[in-house]
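Taking it in order: structure first as structure tokens, then the write-up.
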Amino acid sequence: MLLKNLWNKSLKEECGVFGIYEHPEAAHLTYLGLYALQHRGQEGAGIVSSNGQKLFEHRGMGLVNDVFRESNLNLLQGNKSIGHVRYSTQGADPLKDIQPLVVHYPSGLLALAHNGNLTNAVALRRELEALGAIFQTTSDTEIILHLIAKSQKTTLPQKIADALSKVEGAYCLLFLTKDSLIAVRDSYGFRPLMIGELSGAAVVASESCAFDLIGATYGRDIQPGEMVVWKEGKVESSFPWVQHPPQQCVFEHIYFARPDSRIFGENVYEVRKALGRQLAFEHPIQADMVVPVPDSGVAAAIGFSEYSGIPFQMGIIRNHYVGRTFIEPEQAIRHFGVKIKLNPIRDVLKGKSVVMVDDSIVRGTTSQKIVQLLRQSGAREVHVRISAPPTIGPCFYGIDTPTQSELIASKKSTQDICQFIGADSLGYLSLEGLLQCVRKSNQYCTACFDGKYVLLPSDG
Amino acid sequence: MLLKNLWNKSLKEECGVFGIYEHPEAAHLTYLGLYALQHRGQEGAGIVSSNGQKLFEHRGMGLVNDVFRESNLNLLQGNKSIGHVRYSTQGADPLKDIQPLVVHYPSGLLALAHNGNLTNAVALRRELEALGAIFQTTSDTEIILHLIAKSQKTTLPQKIADALSKVEGAYCLLFLTKDSLIAVRDSYGFRPLMIGELSGAAVVASESCAFDLIGATYGRDIQPGEMVVWKEGKVESSFPWVQHPPQQCVFEHIYFARPDSRIFGENVYEVRKALGRQLAFEHPIQADMVVPVPDSGVAAAIGFSEYSGIPFQMGIIRNHYVGRTFIEPEQAIRHFGVKIKLNPIRDVLKGKSVVMVDDSIVRGTTSQKIVQLLRQSGAREVHVRISAPPTIGPCFYGIDTPTQSELIASKKSTQDICQFIGADSLGYLSLEGLLQCVRKSNQYCTACFDGKYVLLPSDG
Amino acid sequence: MLLKNLWNKSLKEECGVFGIYEHPEAAHLTYLGLYALQHRGQEGAGIVSSNGQKLFEHRGMGLVNDVFRESNLNLLQGNKSIGHVRYSTQGADPLKDIQPLVVHYPSGLLALAHNGNLTNAVALRRELEALGAIFQTTSDTEIILHLIAKSQKTTLPQKIADALSKVEGAYCLLFLTKDSLIAVRDSYGFRPLMIGELSGAAVVASESCAFDLIGATYGRDIQPGEMVVWKEGKVESSFPWVQHPPQQCVFEHIYFARPDSRIFGENVYEVRKALGRQLAFEHPIQADMVVPVPDSGVAAAIGFSEYSGIPFQMGIIRNHYVGRTFIEPEQAIRHFGVKIKLNPIRDVLKGKSVVMVDDSIVRGTTSQKIVQLLRQSGAREVHVRISAPPTIGPCFYGIDTPTQSELIASKKSTQDICQFIGADSLGYLSLEGLLQCVRKSNQYCTACFDGKYVLLPSDG
Amino acid sequence: MLLKNLWNKSLKEECGVFGIYEHPEAAHLTYLGLYALQHRGQEGAGIVSSNGQKLFEHRGMGLVNDVFRESNLNLLQGNKSIGHVRYSTQGADPLKDIQPLVVHYPSGLLALAHNGNLTNAVALRRELEALGAIFQTTSDTEIILHLIAKSQKTTLPQKIADALSKVEGAYCLLFLTKDSLIAVRDSYGFRPLMIGELSGAAVVASESCAFDLIGATYGRDIQPGEMVVWKEGKVESSFPWVQHPPQQCVFEHIYFARPDSRIFGENVYEVRKALGRQLAFEHPIQADMVVPVPDSGVAAAIGFSEYSGIPFQMGIIRNHYVGRTFIEPEQAIRHFGVKIKLNPIRDVLKGKSVVMVDDSIVRGTTSQKIVQLLRQSGAREVHVRISAPPTIGPCFYGIDTPTQSELIASKKSTQDICQFIGADSLGYLSLEGLLQCVRKSNQYCTACFDGKYVLLPSDG
């Protein structure tokens, strides 16, 4: 049997975007930028570039390194380009869903890379179809392009402003035409998007780790509700839409973003460490060692260790050669899916009381397996500490979550979950504790923890 | 250096289509049908099937045998399907141009496979873009889908009738929805399209050789201007458009179609043999042997031999292992591109006077090389006989021709062409002679021979 | 279900070899030579070249065009090289069997390409293993290399002479070292091997069609029992082994070789035409047309037509896009394996009496299916004429045949075979008739027709 | 430009082996075992299995996950198998070097997987070639097979004992025949090899992490100089060779082995932590944080932090999506090769004094780049601590090291190296300190640190 999607846990990021304006190695640097953003989407990647006259495009299924080779990268001419990595695809022909999307609209070719989810997509799609629009993908992205094409406004930025005024939901957008690059972040600012600079060229990316790899300097976050237009060597910023209190996704800090990234104004590793310290404060325990579930639990575990004084140990080793798929033995090996990735060190754990630090419990089955693996490796006690509150609701803003009923914390008490996963104790970080660890704590979306959704999906 | 497109001569067919309605092995038989139509397009292939609820699709670059494997073919569920082979692709992302195209339109998913060229495509595209339509491919096919989506009529057949009333040019179309198959042939009937029957299921194909391979029986040609709708187990025929005198492409008989096919009511091999006989009558010569340029010249050469009494010899052998591309030696070998495919037999040709029979001279360079190869192989005299009139104009109805100025017969007399290709004599079939060899000779388009174009491309 | 090996009939050639000495584009020209010899082996191909210091090698499964790309071809440095195409592989790891084989022996690297079969392979292998030799392939070729390595003689030609004195069977060999090229043809001369010249460089090939493609001139056949050594710019010929009356394979003329090749001193097409004429003389019949089973039956059918005066028709069309494998429909289509390749033209055959000309009947099942296809396409009478005598025994000299009991002619009379294949009449060419059509008719092996084997396989 | 071999540092392990005897899912479990041993070799992998009658084999270039698919894995029948992962290949045809090697020897087929390097390979090869042996690979492994084939002893274990008595160097060997599995570890025990048990089946592997993944239980190390034979359901151990004081490779503990493995009787993670503690004792420093070079420096950094009390921080993030190759931008980005893998966190490092812990300095250039990256990310001071003594000599026992002159510590003092890499201070662990961290410290090879080679390569 073939096991699939081994890289990610049940919560999956839905995309990363990167753009660059007026650099002689635009496509190459976009390739590198996407490479740094690979954790935000491993199913497909694409780049569209412009040499001022024409757009060039290449897309494919798989990792950035699989999709791009020197031969196809060299065909992506020009000094402007945008790129996209995506996690999941639907549709009958998955290749069609790989972004950036490129369409012919009255003023020429327009490419779009999109991170996020629209909440009124179904309604908009019905309206557009009633007007004779045809759709070639199942993605929300195509809706935005139709609205732009239908706008009666004059310039492209005006058309985009007009089109997005009809759209609700989460979106970071990068547009490329033959002569301009346009970046947009929705008025709630659900997903991160930021601007940097490299030898005079502007760069835009979902996370700052993309800047680091190419040697670019972080400039500033694109603000919620901001549109930035680079054209004819100039840059213009505007805020064409109704402003809202920001709803930045706190889960980017907890799990999705790379620890070496700076998002929403703060370094992710530092935030995670603070979560771990707060967690240790809220749920103290006596134990021999703090062991992270690697890699996402490492920073919180270090924080937990610092605050509690309990030694930090890399007591579980992650196999980094795990690909997307795996051939499972026919005779089931217990906990196989987890074992492929994680191996506890018996000599470290034997007879010890262990604090296992992870960032979330989704369905509970993975946590259960890891707890069992620790016990089989000799751990005497396993105390689970989660550096986030219980996940009780799905995300409608760009994260692929199970349905509510699959989320164990939507149905069970912490005590019941503790029993289900077989831990000796279980502690979740409180929502208040979580918000104390980030600056501007009133600017975050915490809907998956408290059910306070600022927008809900329409059925049309 | 990499030589490309070794399979085809300068005149290239632009597509083949196949469809089947209500057969349990629909996709599989479509695969076979496309396989039999491979000569009509070698650059890409695709199949879309329906199981009554959903459409399933697979497409890829290359030969039918490269694109389809048991694994992807088995995913194409259902008892209805359409398929397409295509010759050439444009666009930055060639995969996007591989048909059938599938779009979401208000009533659901709609797939379309298209053989032909629209002459008012540019104008229609501009109009549609002005109305806010976005295009994701460079193909004419997408225009038709937009027009259908915009139609205010009620049923799909009505919408198709409405949409196509705005369209001019050559088209054979196969539409597939979850519950119906619709076939359309344009009012001039430029390209062939016919209906057959297999165990109670309806089949549609560009040529009858596709029926032979799957054991289906030829029924009848779809008429110019006819739309046939299969739905809910019933079939309905209608003629919703203004009728015109047919303009069937005579070059299908001369070169494109497979000799074992029946098109426009006649067998291609028999027509070609008649052309060869007529050619011998019009341009008699004394020689030792008649040698065809294989494979397309074989039937005409047999006819020439029969009428003239000059023995037929397969004096040139074709290498059938030639793929699409070839690595040329750096030090040029004389006539290399031709040599890869064709090798004259010295022991047969030495000291002999040869009638070389081919179906056309496009730019003249290939004919020149073959004549030279024959002389190098010892032929004493080379008399070239062409089983068609001089090609003086391009085709706007679905054949990929060089521009007029590249067509040698548009600029040079037969005598000059004879000198250019280095032949001892050169004879073209007359237009009258050509038309005597087909039935209903008033129903053919001969624009590439006489410049009488019934439709000309609009610039919009 | 996947149908395999669609290209060849039940009798399969086992290899082709090509070599070139001192040409700046050695590997490139070897690639072309193999390309022209592709019909002699489609399962794998390889080239080894030398730049005077080192050997370079590339091998792969598939067609020449699949195995070699500009990138790997450019790595094959030097002005000397040998290449090989092979039909079938055995062994658990088929790649190991792709030739040329390269081994380190005391004097350096030695590459060998081999066409043929040894009859005392089993015995030799046992002897060598008893002496401590290890084998990494299942091929006879490795035996020859072991014998060379074990020889106590001084020079490589002497070692080769010594080694081959122990070997029995059919072999054409090309050896390459860093500074020499050596060609050997066994003393019976079962398989063809010939020398040509290109711009001062020596070329060696299994068939002359390889010379034609690269513009080389045919020089002479390597004689049975001859070894030719090119080294330090000089060439030396010797006959180091006991001489035998030649036993050249007459089936090369009947079926295997390309019709444009010259082998054993005669053009294959001309020989085949003579076979067809003789066949018409021996088995006259009244009929409407002579139809070849393409491609191998074409020349004989032309000869039959010439002698009998019955018109020649290409009444069966061969699909040349057939690859090595094919996905068969699950519901069997009658005669499917044959139909993929061959399609009779109903309009040509309907109501006609047909002489069907083929070169052999092996198991009888394919002939049976073709006869049935012709009748289904309307043929009134089908008279089968075979341009060779009945095949009653297997080949031990390099052709992959079924076992004797599978050969229909080893068990049934011509009358019974006629009934089995469903023909109205059946005529085989006589052995005497066959030999009248070739020069030096006493120099041919006809063991598969008369059972007179000059060598029989040893069991060791 | 394509960057290659991004996974490994300049010291590269040369192989890992895995075997299993009498388990119904032998090949599948070997696949998993190799998967767990992937860090020991990423260039190629292979498995040979036996069903009692025949051997089955599959090999390929790349990662275990690339080489094996369900289709080829299912062909590897039987309940016994051995597998191999390898790092580097030489030879013109790299596929030939992928192990296990399979040869025909007088008693049938014999497969061999080999981890290690022979020191008298050149001399043995010359001797064998003088006796007429031919070599098809450049590997030492083939020498062993020749010696076995030439042995006059009776049984395979006796032949192996005889053959290996002539061989000098480092080798862990797994042999597979149709009915037996044989494991050998050389008399010095340079490389690890151990036995486990799974549901009654015996398993053998280079490291215990391979047992963990499949749920097998660690049994014991195979002893230096021990041969273990599993045949006919029985197991026999013997010590057929002259015994030596063990020379186990201490670098396996320092860098190569997985931290979750148990080798030479101890857990690697625990040894590394002890090295870090000892390092902190030997080279104390005042600093704000201890930062490992991930992943190999993590355990030592935790130990350093524990002993010194300086907080541990994951201040450098490793990108685990790095493949084997990478397309470098044309305009060099500073320190690019390192940046692809490692990104320091500016917000963590800014203004801080940092202890950077790594396991070795080979050429010095990588360490130099990491130090510079840390400084560019704001580190105020960078104190480098190496959890091993200076590497002054190459390894002749199975590790691919640069030549002596490329090893920076062979030419420069610690002070000069400190200056070269740009650190504020540099401390290497002492040899004595290193040996205090392992049990049975007199059983280790430390030749690369002290130049005391127990065996030197012969030139033959």
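Residue numbering begins at 1 within each chain, and the chains themselves are lettered A, B, C and D in the order written.
Following the convention adopted for this analysis, a residue touches a chain if its C-beta (ideal position, glycine included) is under 8 Å from a C-beta of that chain, and two chains touch if they have at least 3 such contacts.
Keep in mind that this is a model prediction, so the values were computed, not measured.
Colleague: Touching subunit C and subunit D alike: which chains?
Modeller: The shared contacts of subunit C and subunit D amount to nothing, since no chain touches both.
Colleague: As a quick test, compute the distance in whole Å between the mean CA positions of subunit B and subunit C.
Modeller: About 36 Å separates the centre of subunit B from that of subunit C.
Colleague: At what distance in angstrom does the C-alpha mean of subunit B lie from that of subunit A?
Modeller: So the centre of subunit A lies 49 Å away from the centre of subunit B.
Colleague: Which whole number of Å gives the spacing of the CA centres of subunit A and subunit C?
Modeller: Chain centres of subunit A and subunit C, defined by C-alpha means, are spaced 60 Å apart.
Colleague: Two or more other chains in contact with one residue: find those residues in subunit C.
Modeller: Residues of subunit C touching two or more partner chains: there are none.
Colleague: Which of the chains are touching one another, listed as pairs?
Modeller: Touch list across chains, by label: A-B, A-D, B-C, C-D.
Colleague: Which part of subunit D faces subunit C closely enough to touch in the complex?
Modeller: 54-59, 92-93, 95, 101-106, 110, 129-130, 132-136, 138, 145-146, 149-151
Colleague: For the complex, which residues does subunit A have touching subunit D?
Modeller: That would be residues 2, 24-25, 28-29, 31-32, 35-36, 38-39, 42, 63-66, 68-70, 73, 209, 212-215, 258-260, 262, 266-267, 269-270, 295, 298-299, 302, 305-306, 311-314, 317, 319-321, 323, 325-327, 329-331, 333-334, 339-340, 343-348 of subunit A.
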